[in-house]
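Multiple structures are listed underneath, in structure tokens.
Next, two complexes with subunit A in common: one pairs it with subunit B, the other with subunit C.
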Partner chain A sequence: MKALLTSLRVLLIAAVLCVFLFPVYWTVTMAFKPADEWTPTSGKTYWLPDHPTLDNFRRIFGGTPGGSDSFLVSTPINATDSIVTSLITSILGTLLALSVGTFAAYGISRYRAGGKMLGFSILQLRMFPPIAVIIPVLFLWTYLHLFDTHAGLILIYGAVTFPFVVWLMKSFFDEVPREISEAAIVDGCSQFGAFRKSVLPLVKGGLATTALFVFILNWSDFLIALVLSGNNVVTAPVFLSQITSAATGEEFGSRAALGVILITPPMLLSILIQKHLVRGLTFGAIKR
Partner chain B sequence: MEITTDTTTPAGGVPPAGGTRAKPVSPHRHISRLLILPGVLLLLLLVVFPVVMEIYVSLTTWTPTTGSPWYDAYQQWTWFDNYGGGLTSSSFLTAVVRTIVMTVAATGIEFALGFGLALLFLEKFLGRQVATVLFLIPMMIVPAVSGFVFFLLLQTTGPINTILSAILPGTVEARWLTDPTLTPISVVLVDIWQWTPLMFLILLAGLMAVPEDQIQAADILGASWAQKLRHVVLPIVKPIILIALIIRGMEAFKIFDAAWLLTQGGPGEASSTISVKLYREAFQNSQWSYVAALAIVVMIFVSVAASQAIKPLERRQEESA
Partner chain C sequence: MAEIQIKQVTKTFGRFDAVLDLDLELEDGTFVALLGPSGCGKSTTMNMLSGLLEPTRGEILFDGAVVNKLKPGDRNIGFVFQNYAIFTHMSAFDNIAFGLRVRKQPADEIREEVHQVARLLGIENMLDRRTTDLSVNDLQKVAIGRSMITKPGIFLLDEPFSNLDARFRSYMRAELKKLQRELSQTMIYVTHDQVEAMSMAEKIAIMDRGQLQQYGTPDEVYNQPANRFVAGFVGSTMMNFVPTTLDRSGGDLVLTMPLADARPLTVHNRDGGDDSDSFTMGIRSEHIELVDPGSETASLRGTVTLLESLGPRNIVHLSSDGYLLRVTVPPTVRPRVGEAVGLELDARRVHVFADASGTALA
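Let's look at the complex of A and B:
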């Protein structure tokens, strides 16, 4: 009886898992399908690519697909720039949020800086719909000539993920016993020296986790880049949404190929921070 | 926004748990201000200033298309006309109600599914570790990609209808992306797919923390499965459930990416959430000052809700510190 129940349970879990992974499966297989298998106008659904091809990947890096499907040669697409832009803005935005946020988190955790209000208002920022905050930033950016620049995106990514860093790092700092920094001060360190030499090494893991988290957040952004960039600085998610073809209408295969490239880094990084994933996504409220 | 440091609380904060030495206060206050200074500056530049600007513009009829810079907007002063217009606009109010309904639906279904899954995972089975990791994958998918792939899946001739046709009697030809009653459901569907795993992980963490001996005690007393759940497990997990609901609810309320990528809020405004509505008014209708007023209204609304929602989060962080 118990064995039967367990196998039923595992079966149910497997079924749910299949449903949840199907969209990922569809993205990956779509990336390897030739054009005539993208949309089943014939009524046939291609559950697997019949004629798997790398053309879609070639196409998003400026190549023209060979073979019999070369009616596709419309304007060449090149996603390299957008991927580089995404990398630059996400990484530098992460570093900005991390450097500013870590200090603030330490101030709030160790010295209760800003009283109760500061931590509260910082977290509240995460609750505003980004569009409500981004539109005035667009006014400001146009005025400061930061619209459609790398610097503009980096600044805003840093600011938007800053609350996240503060709350997550605060939860890590809270775990460091106060006595540790006090001992360092007794040993002759300055307040800042105690932070750098005795506290910071203890939260190295937390710092790395936070960094990866914030990178994933920035890398995933769509709305901010859509609003704050024009034609010069296009991030990969925005680029993905704009790939269309004059000849065939929709470029499903190329978009899926870029999609596969886009989802790979967060998936790999999430394995590294798997232990802290819940903590990160709950702003440090739930530790596991 | 409050940015000044609260000078009435001692900057040294609560005395260390085991420490007894009195500390001079001034160097602490100094360093604590120094530590938060860059953060406060960043917030000033990127939040306080734009919001002040937004309030200013919302009191005028300014748009960039008038050709005059934003600081000259006072020439088109209208006081609270934009606010009056927004609060009496049925299309804005509908978008607000729609967003709330979608948020409640998404959060509720994610909770039910996540809780069910977490219960299934509670007892050990072969491959539990692997299955847990696989369930993380949807959360890690970049929203631009999930929007795109659901756009493919939900085509009328797409795989979802094909699968449904195979399971259900008859041929399913649901127009997921063009039928006004179905499009909001499609958007919620993407959210459920992407974020049920988070709900599941949070609740699993909560359920695993229920002390074994309490369950055993209930067993000895002859409690049924449902009684154990209701009287032993739920009271312990309640704070975590609350946090899970708050965090998901507040994220779902912001929903934009899926709605925009699937249907651009359409057909008409059938799947316009607040975020999509604001985006469309700004970038398709160039109603900048109107959007500014709506954004201020939304921020006030969210601030009131947030001040209540944050309390359990804060309490939780302090308790487990």
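Let's look at the complex of A and C:
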């Protein structure tokens, strides 16, 4: 009976994993398929590329792959600018949300700033999808000359992820005993000095977790960038959606190749900070 | 080293008076315990002394100078918190060195002073350890070291030993007392544990519901409680209370307790008190002697309900006409449960409290 339950559980986990990992598997294999293997037009579904190629990667970085005639009718494209744009806007947007949100969270957690309602009204900003108000924002941004600029995207990314930062960081600050900062103040620190030297180091794990979470949100945004930018500032997800050619129509392979590249930064980041991601932070200042 | 004056200090949170019209003068170099049940305002008083809270009204003076507006860091105080407030992201050394680093002292001086303090506390071999690897006991020593490194004139300790195990607590009490004598600092110690206060402090300030009840030496608060609250709060076995009526007509004060089989008790002359018409007699368990129930000297009679054997002494619980009384007796005295006994009260040790105000008749 017990063995049966165990094997059932393993099966269930395997099934769930299949559902979640299939898109990743399909994207990665697609990135290495030549154009005639992208779709089953030849009557065969290619689970793995028959003739693995790097053509798709060459294509998105301006190359016209030699030997293949698949891209002959296509104008050369280059994803480098869009990746740089994505990096700039999502990193700076994350930093903006983190710096404002962390201070706000500390104020709410420690000094009950804004009374009972402030924290809640900040959370309320997440009760509807940001895209629901994107048209008014578009007008506002146009009026402020922020449409199709880096600054415009950085600002909106910072604003949209700010509530997440406040609520995540507030929960971390809540766990730092008040005496920690008081001890630093008695020892001669200013309020800010006590925050920087005694409280912030204790929540750095939480800060890293929050940063990664917000970065992924910004990095993977498609809709906001689609609406709030034109031809000048194109982020990688928007660029990805526009890869088409007259010869093949939707360029699944090239898109998959760019997709694989876009997965990398969040993955690298999470590996780099994974020791902080574990919530087992040393809030051991109090031994209860 | 500093003398502290607290003048008419009140701290209000919303409509709640955490501390009300507190007047207290602490001499330079004394070891004072702030004693009271939780919520009595002792921690609030402490936070006002440290500067973490500003009084709503009144003045706090250190060495004659008002410090109300002075920042905590400029008050020359050391503060040890109940939960240590150790910076767990730093080593023991960095924790102790913290105050000196904030004051930007040269690194070699810091190292020397940290080692000196650590030697005094017996934690020199732990300085390089991460604080997360230290035991609770050692953490508290690090916390004490951190607050004494700046050589504060006033040392504030907020229930510092309440998280320690019993044996280490009594050891630390002795250590702290020794330390205070060596540094001859003014030390204020907050506690709700009256044994801790009695055993360490030179003077005890007892607070209840935001107000000072009595300020005196351990001997004074134990033997001459100013009111019924102090009488009931101090002492490891609670004082016995029985209602009584007073008769001053014959010059001496005669107490008549409205209990079955009670005899009037004549105590030496006391006056004072107020116009209250109901009174309570209080006597500590060790000032009662068990005698034969028929004895002439027995003012009260009762039946034994329980015997607590504590080793060096026994505590006999008695019921006298529905009132619970406790009597401390030598370990050899072991009355049976249900036995009828007489109680001889030491007339010199009897306290009388006016019910309306709670104050003791002088």
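In the analysis below, the second predicted complex is superposed on the first by the 252 of 288 C-alpha atoms of A that agree within 3 Å, B and C clash if a C-alpha of one lies under 4 Å from a C-alpha of the other, contacts with A are read in each partner's own complex, and residues count from 1 in each chain.
FYI, contacts are C-beta pairs under 8 Å (C-beta built on N, C-alpha and C of every residue); 3 or more make two chains touch, one makes a residue touch a chain.
In this text, all values refer to a predicted model and were calculated from it rather than measured experimentally.
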item: Partner, of subunit C and subunit B, that touches more residues belonging to subunit A; value: B
item: Which of subunit B and subunit C A:P237 touches, first, second, both or neither; value: first
item: First (subunit B), second (subunit C), both or neither touched by A:F20; value: first
item: Contacts of A:S198 with subunit B and subunit C, given as first, second, both or neither; value: second
item: Partner chain(s) touched by A:D81 [first = subunit B, second = subunit C, both, neither]; value: neither
item: Which superposed partner A:D36 touches (first subunit B, second subunit C, both, neither); value: neither
item: Touching partner for A:E182 - first (subunit B), second (subunit C), both, neither; value: both
item: Which superposed partner A:S171 touches (first subunit B, second subunit C, both, neither); value: first
item: Subunit B and subunit C contact sites that coincide on subunit A, given as residue numbers; value: 179, 182, 282-287
item: Residues of subunit B that touch subunit A when the two form their complex; value: 1-3, 5-6, 8-9, 11-14, 16-19, 27-29, 31-36, 38-40, 42-43, 45-47, 49-51, 53-54, 57, 64, 69-70, 117, 120-121, 123, 125-127, 131, 133-150, 152-153, 155, 157-159, 162, 193, 196-198, 201-202, 205-206, 240, 243-244, 247, 250, 253-254, 256-257, 260-261, 274-275, 278-279, 282-283, 288, 291-292, 295-296, 298-299, 302-303, 305-307, 309-310, 313-314, 316-317, 320-321
item: Complex contact set, residues of subunit C against subunit A; value: 50-52, 71-74, 77-79, 81-90, 98-99, 102-103, 131-132, 136, 139, 146-147, 150, 163
item: Touch list for subunit A against partner subunit C, complex; value: 177, 179-180, 182-190, 193, 197-198, 201-202, 204, 282-287
item: Interface residues, subunit A side, partner subunit B - complex; value: 6, 9-10, 12-14, 16-17, 20-24, 26-27, 30, 39-41, 43, 45, 47, 99-101, 103-104, 106-108, 110-133, 135-137, 139-140, 142-143, 155-156, 158-159, 162, 166-167, 170-171, 174-175, 178-179, 182, 191-192, 216, 219-220, 222-223, 227, 236-238, 240-241, 252, 255-256, 259, 262-263, 266-267, 270-271, 274, 277-278, 281-288
